[in-house]
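Per-chain numbering from 1; labels A, B and C assigned in written order.
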């Protein structure tokens, strides 16, 4: 599909039909501009990397690797540590995955295997619309609709049923790690579902027929021929969802409680890397405070980039290359 | 060869169990699908329920009232969003489209692979980080929050998005068009601009609209670039308000009236985004190529 | 045998025909022969397009029946109707009746999954389950049906692989992934997998079309041995293959059954001019 194969032809064509010598430089300039534009991608990556590194230098020099393990976050004493935020980010993202991946894969299966053709499109469109809802609106809805419901119903109910587990003990405020996980789950559902759908659609019909020919029921066909075949792709979709979950900022900030605590209870408030940056960046008073926030940003970007690269690698090795670029 | 001894036939109980599992899993999958689409309806319902009643003339024309006072509107935030989107487009559209042109028309396979890969990686950078980066670039050195910084932050986010969508659409333009142009002796750049881009224009515009819809709702990158403002701006070199910023500030405040306005603002924002998405859908329905 | 006056290249076909002609005299199953499939009046539509026109045919048990014809003649369609696989394509409609050893396979009480257990299928392109080992592939159908007893599973594993002429080649590597085998071995693995659930009939849809001559020969050999335990119906576009392996042959054209007879007769002395034209290579 590449027109670059036509390139050698250009020189000959131009030499033959246009004797004008001026004809060469507009082409060269145009191409040069286009190249520059494309290279801004590389420049942007370098920019992000540089600014984050430059901004964190002070904190890195002061705290070293202890920063990642320390739980102290004391702006007054100028002592900072990233662990509560790393913990919060990981836990809320994990909760989000545990909710969104099974739901998303099941929905993708529903769409590819079971749903009559007529209702497929409306459901797909609805999921796409869900993807278009901005994080801050989810946060708004989270504060005034989700949190009260969680506090007054679901959490109470969970504590009644499962309160013997440390996960579900402790006071219920509503704003909590679990609320953060739930809202992030809602936000990553569209991408997990859509990438899973692409993966499942790429399973060859011949595999399904092999299972049917053995006398399998529809669900058994899905289990044996579709899900096993698509296993790796589904993992890739999950990792992609994780990448998204790690970076969610606004909605999480509005429902997670924003307290740098480490607790075994899912009902306790938490704090994520993105949230603390969002909340405290404009209030940072000292250079070290600032630099520590930059270092948190550096950690966040490093982890997110690694996860996203992993997801790209996992998904690209599949036939057809589900690129996971759903909005 | 001897006929095989008979295989133990599956018991009717087992068969019934298999049939039951089959039906049960179908129900489970349906339930999951419903669970996945439910949040959208819940959000839309509450947006309309809580926000629609506040959408009066004053909401669209007035400035926010001082803290604690009832009333006022989001006029400046709405204008601010439009201003920021315009500035973001000034950066994002030319760079994104030209970059996409390079990838589709000029690049080699290896270079393109890395650029595409990097663009996908950039798309995964959390939006708050863009805010930090542009802060360090444009706010700290000039010692002021500004609309410029906000516009740049959003614009930089648009670049990888638009580059990818442009490339995808350009690659679909049949080779024959380019070859026809070459055979006529038209200059390469002319062929691209006048023939190829024009043919793919609908798709390119669609890609731009999608990117706009995406950044219109972004709050995090604006938190420390545009910052927010309760008054009209007279200079782009000063903090500017935007609807998502206002929603965030109001929602996390302690005042009920501000909560009400947050819902209204959210409804307006959602309507804007849905409108853009709808026009994308309408545009995509027509044929792309003649 | 009647003198041949047509221009059929007889040497290759004659060489292909099996030596024994004991049942050659009969042109339909004698009362002594059991009927496996009793098909009456099959009409099949893919949406608005009709693919089978009033097909009536009786397929004998413990014999190999070949279905031949040019592309698009409906042979695969007819085959897939025999184990209700056509129902997987939305919009297909079938009228007519199908009885397997006397039992109506399309009656309302019958679950299609039961039909497919009794009537197994091997496909044009081998399709072992890639995430399963050789052993797991063979036993997949058994496990589905709830067979748990290790002894039975192991016994069935060996029996099926022997019947598919694959045991000696894989008996030491049963734990390796099924897709690690060569094309011909994979197809034999699929045959073993189909045989493991002990179907009464084995349907084969152009099983050798993707294989080289050596692998093809191995499979044809094993088809010959399957007669004692199974009924085989094989669709093939390769006339020599039909002549080599089958007892009876059915010639389809444009969705209709044109002629159905002993294989020898179809190839050496066809009654219908269209049949003769096809087997002599004048079209198709």
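Here is the rule we use: a contact is a pair of C-beta atoms (placed from the backbone, for glycine too) under 8 Å apart; a residue touches a chain by one contact, two chains touch by 3 or more.
Computed from a prediction, not measured in an experiment: that's the story for all the values here.
Ranked by how close its mean Cα position lies to the mean of all protein Cα atoms, the top chain is A. The greatest number of inter-chain C-beta pairs in contact is found between A-B. Averaging C-alpha coordinates per chain places the centre of subunit A 50 Å away from that of subunit C. Taking each chain's centre as the average of its CA atoms, subunit B and subunit C sit 54 Å apart.
The mean-CA centres of subunit A and subunit B are about 14 angstrom from one another, to the nearest whole unit. Multi-chain contact residues of subunit C (touching two or more other chains) are listed as 113-114, 144-145, 197.
For subunit A, residues that reach two or more other chains under the stated contact definition are 217, 220.
Looking at subunit B, one finds that residues 18-19 touch two or more other chains. Interface of subunit B with subunit C (complex): residues 1-4, 6-8, 10-11, 14-15, 18-19.
Contacts from subunit C toward subunit B in the complex involve residues 111, 113-114, 142, 144-147, 152, 156, 159, 163, 197-198, 225, 228-229.
The residues of subunit B lying in touch with subunit A in their complex are 18-19, 21-22, 25-26, 28-30, 32-33, 35-37, 39-40, 42-43, 46-47, 50, 94-99, 101-103, 105-109, 115, 117-133, 135-137, 156, 159-160, 163-164, 171, 175, 178-179, 182-183, 185, 187-189, 192-193, 210, 213-214, 216-220, 223-224, 227, 244, 247-248, 251-252, 259, 262-263, 266, 269-270, 273-274, 277.
Those residues of subunit A whose C-beta lies close enough to touch subunit C in the complex are 117, 204, 206-217, 220, 224-225, 228-229, 231. Listing the residues of subunit A that touch subunit B in their complex gives 1-4, 6, 9-10, 13-14, 16-18, 23, 26-27, 29-31, 33-42, 44-45, 47-48, 51-52, 54-55, 102-104, 106-107, 109-111, 113-115, 123, 126-130, 132-141, 143-145, 186, 189, 193, 217-220, 222, 243-244, 246-250, 254, 274, 277-278, 281-282, 293-294, 297, 300-301, 304-305, 308-309, 312, 323-325, 327.
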